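All chains are identified by letter, namely A, B, C and D, in their written order; residue positions are counted from 1 within each chain.
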Amino acid sequence: MPYQAERLPREKVFRDPVHNYIYVQHRLILDLINTKEFQRLRRIKQLGTASLVFHGAEHTRFTHSLGVYEITRRICDNFKRNYPSKTPGDGLWDDNERLVALCAALLHDIGHGPYSHTFEHIFHTDHEKITAEILTSPTTEVNQVLRSVSPEFPEQVASVIQKKYPNPQVVQMISSQIDADRMDYLLRDAYHTGTKYGTFDLTRILRVMRPYKDGIAFEVSGMHAVEDYIVSRFQMYQQIYFHPTSRSMEVILNHLLQRAKEDYSTGDNAHEAGAPYLLFPFFNHQFNLDDYLLLDDGTLTTYFAHWRQSSDPVLADLAHRFLDRKPLKSVRFNDETKNKIPMLRQLIEKAGFDAKYYTETNNSYDLPYDAYDPKMKKPMTQIELMQSDGHLIELSTVSALVSAITGKFSGDQRFFFPKEMLEDKQADVELFDPIYKSFQRHLHNDYII
Amino acid sequence: MPYQAERLPREKVFRDPVHNYIYVQHRLILDLINTKEFQRLRRIKQLGTASLVFHGAEHTRFTHSLGVYEITRRICDNFKRNYPSKTPGDGLWDDNERLVALCAALLHDIGHGPYSHTFEHIFHTDHEKITAEILTSPTTEVNQVLRSVSPEFPEQVASVIQKKYPNPQVVQMISSQIDADRMDYLLRDAYHTGTKYGTFDLTRILRVMRPYKDGIAFEVSGMHAVEDYIVSRFQMYQQIYFHPTSRSMEVILNHLLQRAKEDYSTGDNAHEAGAPYLLFPFFNHQFNLDDYLLLDDGTLTTYFAHWRQSSDPVLADLAHRFLDRKPLKSVRFNDETKNKIPMLRQLIEKAGFDAKYYTETNNSYDLPYDAYDPKMKKPMTQIELMQSDGHLIELSTVSALVSAITGKFSGDQRFFFPKEMLEDKQADVELFDPIYKSFQRHLHNDYII
Amino acid sequence: MPYQAERLPREKVFRDPVHNYIYVQHRLILDLINTKEFQRLRRIKQLGTASLVFHGAEHTRFTHSLGVYEITRRICDNFKRNYPSKTPGDGLWDDNERLVALCAALLHDIGHGPYSHTFEHIFHTDHEKITAEILTSPTTEVNQVLRSVSPEFPEQVASVIQKKYPNPQVVQMISSQIDADRMDYLLRDAYHTGTKYGTFDLTRILRVMRPYKDGIAFEVSGMHAVEDYIVSRFQMYQQIYFHPTSRSMEVILNHLLQRAKEDYSTGDNAHEAGAPYLLFPFFNHQFNLDDYLLLDDGTLTTYFAHWRQSSDPVLADLAHRFLDRKPLKSVRFNDETKNKIPMLRQLIEKAGFDAKYYTETNNSYDLPYDAYDPKMKKPMTQIELMQSDGHLIELSTVSALVSAITGKFSGDQRFFFPKEMLEDKQADVELFDPIYKSFQRHLHNDYII
Amino acid sequence: MPYQAERLPREKVFRDPVHNYIYVQHRLILDLINTKEFQRLRRIKQLGTASLVFHGAEHTRFTHSLGVYEITRRICDNFKRNYPSKTPGDGLWDDNERLVALCAALLHDIGHGPYSHTFEHIFHTDHEKITAEILTSPTTEVNQVLRSVSPEFPEQVASVIQKKYPNPQVVQMISSQIDADRMDYLLRDAYHTGTKYGTFDLTRILRVMRPYKDGIAFEVSGMHAVEDYIVSRFQMYQQIYFHPTSRSMEVILNHLLQRAKEDYSTGDNAHEAGAPYLLFPFFNHQFNLDDYLLLDDGTLTTYFAHWRQSSDPVLADLAHRFLDRKPLKSVRFNDETKNKIPMLRQLIEKAGFDAKYYTETNNSYDLPYDAYDPKMKKPMTQIELMQSDGHLIELSTVSALVSAITGKFSGDQRFFFPKEMLEDKQADVELFDPIYKSFQRHLHNDYII
């Protein structure tokens, strides 16, 4: 029997709090889960700094990846049962695509490292490129497993994740505005944070999904379930992913890694006890895949624990603020009040903080749903509803709620600064009192005024 | 206003998936949460190796500690509303005890380190002693916060955790057969593993709890809710805490740390890149509190990542088995089949494994509920039900289910060995085939025969 | 001790699937629950014909009324704890208002009869008037209990329900766009139908509610919880309350009661076995409160069971269609296609159906959220958010989602007709085939074309 | 295509709060659901008088029957996927049995009438016989649908329900100690009452179920899931089904129907307004199937509403106590205190109550789990676990919890009496005070002493 067709003698299950059970039927999938590259995802938190705000959200990318696999598996089952292709090109589901879809689902995040977003920003890594590399480099266990299917298989799986695979149904299962990835993380993040915003009716969405020649559509009778998903997604961004305190911890992390890079790239202190050996390749921007795969959340926090005792006071303080959770404060600003920020930065410098490391502006914007706009450089697939006569109709044309948030960026711009600036009495540092007062006069109702 | 009476201007909440919200009303509690010793608990998993079996169970001791605090807070609220003491010694609730109870609840696990059970076994640390030290040593932030209440307060809180505090109601809230600690971890572990065994009716149990002169009793009308809790606890032990694969990963961890201790205690390799600096004080058994507080799960796994590349093949292999999740297999044995184990070990040695590092026996026994037995060295508080005339009656005398499991150890004895011993074809190592076959003949239906 | 202050010796609880427990602390409340007028609500379904579509939704107005009481109780507790009035007129919460609020919450639906909406339409009853009558008529047990508080108390409670009570906080708890009534029914209907649309974060909404001089506002930090509630409400209307099949069963009920009224109002058949004695006062429009209080869902269906065997074929058929659940079918129409309806009715008549009893048009429109519009005859209270400086800001001005559905009627217009018109082969009634075909040509994609 | 093989063009779903969705794939099943005999189950509460104690439990036998169907469907799906029969008599699953299993599951309760238990006791009806009659009598719509499969099909379905069908797997799906019926009602009753006792892991139990030649067994690896189900069942009986207040309302119902039978069987008052025409055939014990099928919960309560105004004071009072929910009180007794009951009855008579209608003793006993006992007249199928070598082992031999409750009757004996006997001051009926006092002296801690 060819490897790819090999079924486990007995279906294996993983108990999962979100999907109840995750069902593994192919030896291939089990072998992928057991690779060291995949097991490494157990040591990388799904939500990064957001777990510092929502303490229950300590789940990892391992868990999420299994969930994306499971949703994809259920989509395939549904398509096979209800919309099996009879002749090539009939726009229905060809179940020979199942395995490439399942592998892409399971592995779509395998290139993620610790605190990816920030790490990439400082060290110019790219988790999407690394994902492709892990799949296609002959040195990895993942590649070795995938190669057992066929020599081309690793590239095929990679091309699904890169949205270049020829079958649009497979691509859209993994990457579209309503894909297995997004559906899993919304449900999972809602479950672990304990919020209710991210819940929607997965069973019903899966039920109304259907393949067609250009990808995946939804029966019009399921419009409200899809609408509910879009609204949930919007609310999760507003409430969880854009939370100011979480973004503030990311600002600290960013500055901490930046400072460490500056401190260590000279190499002078490379031999001291507790030097961050595993990060050196990144400080010098000469890393290979093996270097990357040694890193996880624990590696970074272990170095931070060393740095907390550093002789560089800024490095030590930023490490302390991150590990011991001392977030910066923030206020919103807009295009009119933006010009006040330099002045606020000056006040902060006066109060003794290096503005380069202790202030930041950032905005967090998400496009909650996007109907097709040919002018966009990288337009997202729009959500199509299929009517009873087979014609498609785009979601935002029938949903008032979705239409309301279509194509609109939501989010805010914030200015981050040390909490100390908001204190009202500073017995011990009376000196700064007038500076603080002056600073505070420019803030009102969470805005710079 | 004295510090201990200081209320937050606005009650603060933490969103929690198990209790919905955790309510903080005292500045003291918020200050304790913000200490570095408490924040460190974010980096220590609640369930250790069990998260390698139940992938959703990635929650930490931080989360659990907040939960124990919250349950204790609700008990105090209930007692204050329904059973306020009027005269000293009337056996009712004196709300002046609230603060010491809340602090003890929040801090009861603060001495835990990474993979405590195994770590303690290898390095002879003691998390209970360390808890007391963190509370009472003037060097910690926790002590500093507690001292602000009064010079004796740190010792008082510690004495609650050590069950020496004079008020038995406070002690039993935190430590008894049905305390805030157990109630939180059962619910929380059930939530994160996604199993249903650990669920019971917390609201109802809190409702039927009542103080009396010797501690805490339960109204007889709530008998079934208490019974359900005992049964849930029994089932969680059977299903989650005693899971053979989880125990097997702990065996590997145990042997890995043991081997590392042997490798590094000579000091020869203390200066190589990636040497486990933070563990040296423990290898030499000369550690202080600061050394201990630098450790967390990430520190250990970071060292394991280094060791996976060690020149000591046993150390490297054990590190690989732990990080990449390659559990040992196991079978049950009993007093009759115990004597076969030396022979099985010999077969394993023949197959090329060092039995010292690749086999183990362990049993996991729990006493699901214990009615008072004066002969026991350290008898547990029994669960008392209060009848409508005020008389007490012990739980197992009225519950058939509880009586069935009272005083009985449950659990099993297992022999752990490398998975390789179970393989049936070994094209590449045909050599070992007869050894494997011989080994396998002694196992049947999960037992040594 | 005055009756109103009388606490139960021990707080009584009712187990509730939505709120976990419902807590009763006053003897007054327990006495009201035990009146026969309140117990009667156990025999009146909350959702009427919707339970014929969502089979789990068999819950009654009794259950809902307890839930509204419980939410109101929690609001009062929160207000008392966090915003207690210190001086009259300070806009904070005066807990002397608690009892009138709790009674109004519990009794706000007490005037509902079986299938109220339809019943009122045919028999010109008015459940709001009857609610007031039950509270204030000396013949009821409810009035007797309320009078024990004070002679004016029944009128006071009635005035809250009628929105005439002077304290706007009390009125808005029970009747506003985000009141205890709506919050309970959304959660409860979602629970029993098994849909997820109606879930929102009740705990958080209660937490951000606060009294002010003109009623109840919400802290701006809770904006998203309020927004989520508005969206949930919108979705429940779309998905549950406006469901075409449920509306179709209501059309049948409407026509059935209409036909019965016509058949029986002559009085000729008043003495036959199984004559609907309890409905006669309504057929003749000469009913009193006692007549009304004898009716419940079971009374009507018992008569329907008799009518199913009636010699009037239309009455018998409509009774059969209702009891045995044979809904009419429906299609949407709009202002342009409206004029086709008379022609469709003619086809239906040709096929042998009396169009008066077998067709209907109806629209179901709801205003999902309404910002204040002084031109409206009966403007709804708008939802106000309170900023940190104390100023109010209206919800739709800050929420894109709410703004999208503010002041817009949602819903559709439908034409109802017998399912038979859609059949495609009628071996036995081949005669009608061309009529059916002709009829079907005017329908496409759920619309009249 | 033969009728039985006819699939719906599109699988139809019913939204269900317990199973999320109920999937209907055969036209046959949809046609059965649409019969008038099945729709009638919408008007018969699942839990009878227990809904007067647990107000959320207003669900009906309609809902439950759909649930039993759905669980059976899932079992068939699992058996077909994992254990398909290859040769007749191999002890595996023959999917030709699916339809008879599904029909039996759906229809197993179709013979239930209003408040069956009590109704049967008074009127000597038998819901099991009536179920068989509904299936096999040519006058019913159910029979007509079943006959479309084959002339023998109605009898086959009936024989499954009567446990006479030759295939033991089909029989045990519907009737055994762990069947689709019990599993649905435990989960559903737990959901609607809002208690947590009845929850167990349905998915896991379904997963470990497997057919074998003598019926259905469970893989030994699923032992704890099965154990948890047995314990849940035990607890639901203790907490919900045996609740004293619910039993007390059943006592009242029993006496009310008994009194009505006595009042109306003379026929004197058969022509008065509101006479219970639909019950006359039962008063005279001359009813046919059509008479029976006209009855539902609403019919009875409609007559009770008439009787509440009866000139017979006992009938009127009992009707009032039932409709307005005025339960009797009760105490436990045992074999030693049983002999005090006649004396207590005398006191009750002295206080003005007719002991025949106002007192009762009843016990409620359930055998929580029963290992095979050849001496029992009607032994229940025991629960068998299948080991990895294929051998069976009976559940109670490996589960300490199950063993504890195996073969033991649980429950209690209670004496019911009017609440008035417990009152302590009776300003208006001072006369009875000494009688009450004397009565109360014989009760202590919920027992007769």
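By our rule, a contact is a pair of C-beta atoms (placed from the backbone, for glycine too) under 8 Å apart; a residue touches a chain by one contact, two chains touch by 3 or more.
This is a predicted model, so every value here is computed, not measured.
Visitor: Fewest touch steps from chain A to chain C?
Guide: Steps on the shortest route: 1.
Visitor: By mean C-alpha coordinates, which chain is most distant from chain A?
Guide: Farthest chain from chain A, going by C-alpha centroids: D.
Visitor: How many angstrom lie between the CA centroids of chain A and chain D, rounded to a whole number?
Guide: That gives a centre separation of 51 Å.
Visitor: With centres defined as the mean C-alpha position, give me the chain A-chain B separation in Å.
Guide: Chain centroid spacing, chain A to chain B, equals 32 Å.
Visitor: Mind checking the centre-to-centre distance between chain B and chain D? Centres are C-alpha means, answer in whole Å.
Guide: Between these chains, centre-to-centre, one finds 43 Å.
Visitor: Would you please write down the residue numbers of chain C that are in contact with two or more other chains?
Guide: 20, 195
Visitor: So how do the chains connect up here, line, ring, star, complete, or something else (other)?
Guide: Shape = complete; every chain linked to every other.
Visitor: Show me the residue ranges of chain D that touch chain A in the complex, using the header's touch definition.
Guide: It comes out as residues 11, 13, 20-21, 82, 203, 207.
Visitor: What does chain D use to touch chain C in their complex?
Guide: Within the complex, chain D touches chain C at residues 14-18, 20, 34-36, 39-40, 42-43, 51-52, 54-56, 58-60, 62-63, 66, 191-195, 273-274, 277-278, 294, 296-302, 305, 320, 323-326.
Visitor: What residues of chain C sit close enough to touch chain A in their complex?
Guide: 195-197, 199-201, 224, 227-228, 231, 234-235, 238-239, 387-389, 391, 400-401, 403-405, 408, 410, 444-446
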